[in-house]
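Please see the structure below; I have some questions.
Here the chain labels run A, B and C in written order, and each chain numbers its own residues starting at 1.
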Amino acid sequence: MSHHLVEAENLRHIYPDGTVALRDVSFRITHGESVAVIGANGAGKSTLLLHLNGYLAPTSGGVRIGDLSFTKKTLPEIRRRVGMVFQDPDDQLFMPTVYEDVAFGPVNLGLSASEVETRVQEALEQVGAEHLRERPPYRLSGGEKKRVAIATVLSMAPDILVMDEPTSGLDPFARRRLMELLKDFRHTKIFTSHDLDMVLELCERTIVLHDGEVRADGPTREIFRDDSLLAACRLEKPLSMQGCPVCGSPILKTEKGGGT
Amino acid sequence: MHMADALLSPTVGGTMWAASSSAIAYCSAKVRKGLDDRKVPLMGVLGAFLFAAQMINFSIPGTGSSGHLGGGLLLTILLGPHAAFLTIASVLIVQALFFADGGLLALGCNIFNLGFFPAFVAYPCIYKKIAGERPGQARITVAAVAAAVAGLAMGAFAVVLETVSSGITSLPFSTFVVLMLPIHLAIGIVEGVVTAAVVTFVYKARPEILQGPVETRPVAGHSLRNILLAFLAAAVLTGGVVSWFASGDPDGLEWAIAKTTGKEELKGPEHGIHGMLTALQEKIAFLPDYSFKKPAEAKSEGPGAEGGAKSKGEAKKGEGSKLGTSLSGIVGGLITLVIVFLAGFLLKKRSQAA
Amino acid sequence: MASFEGTILDFKRLDQLATGGTSLHRIDARAKVLVALVFILSVVSFDRYALTALFPFFLYPAVVLALGNLPADYFVKKVALFLPFALAVGMLNPLFDREVMVRLGPFDISGGWVSCASIVVRAILTISAALLLVGVTGFPEICRALERLGVPQTFAVQLLFLYRYIFVLTEEGTRSSRARELRSFGGKGLGIKSYGSLVGHLLLRTWMRADRIHMSMLARGFTGEFHALQPSRFGGRELLFLLGWSALFIVLRLRNVSRLLGSLVTGAPP
């Protein structure tokens, strides 16, 4: 199972204009883990994610996916293993119909037409979108778009699912539905999110980024109990924890005024 | 300015289609060979951007009217000539299919007029020469205005040539030129200023976008020659084939042109408009012999055409009187329409019931 | 140009009509594109004074409307929108071409009017052909048909992207434009400088979006080549469709069927 390993070692990335986006990031994620990467805007979350499928190359340090390091030859295989879903589904759904979008990956992998059909059907079923097969993307709701975007990646049978802000822009129902969906996935999951309640529910491990560095890396609950850490990183507790710090039950603190 | 189907003869339209198609094929090959595989989504998305941008209006100072961006020059600055040409062509195709902007026959002309001149002439020969490497705002504005005016003037002149050589409208060449060019000069200035405004904004915000257009090969010179050669070959081929096709047809174009040659214009100033235009025509003496006659004569001397215009004219006169005296054509036409309408109606009923 | 909302609605409507399930819709797109092409070529190849000879050509749009189950009023309205332009162009002819061509009882109709009418009729026919083609085929299918007919892949795929993102970008454009209008208090703020930055912003966002699209393409294994999905079937039905209509158009082009019919009825020699 070592090919599910995601490992970053002293990862450093400096953008062409001189911004230091990542300074010395290291972590190790193993098979089946569900990890959230949280932090303020500009902390380096998206930059980090883009290293995981080789879109960005590190200025120094390295990333490994399983036993593969990033070379031109290994890129296609890495991109098959690491399924990346971006924040704006409109950027991912660029084909005329849902079917073709979900088929894009398998077709690029060189699968035969019948294999492509199987993969697409399975992926659409997994996200509950089979009825959307022939729709053009502009006729999908926000939640539907997100689910289809996930399907476009699932059809490549990835081992690791990486998602940038999965619940952003979703209404409560769509959000809940997406979360149920993600809970069922057996893949290794890596999310970035501002939705700290989702993080609490879905991810047992959290990495906190601030200013391009890893400030904390551990069990989610512990991290959310560390008030000073959260404050220093421009974060705060998830809403559901802003009641009782022990069991998370929603008891509102009256002296602190409406806890938004 | 867009060319209209109504003014275009199939020969000219076909020739321009051949020219545009060759250009599209050439540019596609060039873009494909380039190393940047980002190009295809970029071209498509920028085309959509142009589409959207054309719907946003600005008010032109001093006139009280509003205008919108043409965008050919802007796209060329952003994408380089080959990719820009393809993008412009695709926007025009969408507009023609969905909004009948000009029509499908004229599409070949429009793609060439609005794409070729800004991308392959105005940009490399004028904009780049003036703007240079890292231009300031003033330089960009001057370069953009000059290039836009030049590009539009060439496009407008092409429209005039295409229209006149089509022979469907009776408007004389010099009048047409007088009508078209000043307007396009003005439009060109506005287009240049607006393009410069956008380019300056982008340059200030993200200069790296402008520093290396998506392709790096120089276009002028060698490649331009190839394009022109391809165009020439296509034109000769198409012209020959189409006129061969048309020559067997009694309803030839030659007769139509011969019927309304400069004869009427050169008549005395009996009516106000005619007189005015005749006077205008005489004033614009720099191309005095270029009246409507020329295309007809040129065609009858061209390859594959038959006989002189005169004999055709006589043959057609007989037909004209036939049309004049018989009602058959008109009655038949009405009957046809009724039949067609009934057929459609019945078919629809059937398919709805099915 | 048309308003934003109107334009997007138009696109969506036509796109939706293309998903209809009639037998006409199921015919391979290549056949439909080719037939439309032959139609347009036949119509435009008439000489300037052809008028009644054009009338039989209305059979094609009528049949497509009917068999494709398309809303006639929608298409008639769309075509009617462009008549003023065709008329404006054609109106020049009666001014210059005054030689009498037809005598209808006491009326003398000059060649200029005949050719003007011809221009209008031609415009109606060709515009209908284009719109109906989109209505029964859909733009994406047309792009794919073009590619299979020999149009370079780079161009055809780029057309697909263009179409796909028109929906997204017109919406973005609407939002920006509306925001600007709301702060313009009666139109004073619509100058070129504010236009420059509005469009400039839109352009930058578009550029970054293109980057992200490219990113997601790469993430799904894109290496520069677009692969065709399904093999297309150009079978006997398509051949029949293509040859049948083409033959009809050629016949109609070479023989003035209207006049033939009329002569049958009036007894005059054809």
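Note that a contact is a pair of C-beta atoms (placed from the backbone, for glycine too) under 8 Å apart; a residue touches a chain by one contact, two chains touch by 3 or more.
Since the model is a prediction, treat every value here as computed from it, not as a measurement.
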item: Interface with the most contact pairs, given as the two chains involved; value: B-C
item: Chain whose Cα centroid lies nearest the overall Cα centroid; value: C
item: Averaged-CA centre spacing for the pair subunit C and subunit B, given as whole angstrom; value: 17
item: Rounded Å distance, subunit A centre to subunit B centre (Cα mean); value: 50
item: CA centroid of subunit A to CA centroid of subunit C, Å; value: 43
item: Residues of subunit B touching at least two other chains; value: 41
item: Multi-chain contact residues (two or more partners), subunit A; value: 94
item: Residues within subunit C bordering two or more other chains; value: 160-161, 163-165, 168, 209, 213, 217, 222-223
item: Complex contact set, residues of subunit B against subunit C; value: 4-8, 10, 13, 24-25, 27-29, 31-32, 37-49, 51-61, 66, 68-69, 78, 86-87, 89-91, 93-94, 96-100, 103-105, 167-171, 193-194, 197-198, 200-202, 205-206, 209, 246, 249, 251-253, 255-256, 259-260, 264-265, 273, 320, 323-337, 339-341, 343-348, 350-352
item: Contact footprint of subunit A on subunit C as seen in their complex; value: 12, 15, 19, 140, 160-161, 163-165, 167-168, 209, 212-213, 215-223, 227, 229-231
item: Footprint of subunit C on subunit A - complex, ascending; value: 50, 53, 55, 76, 79-80, 82-84, 86, 88, 90-92, 94-97, 100, 103-105, 107-109, 113, 116, 134, 136-139, 152-153, 156
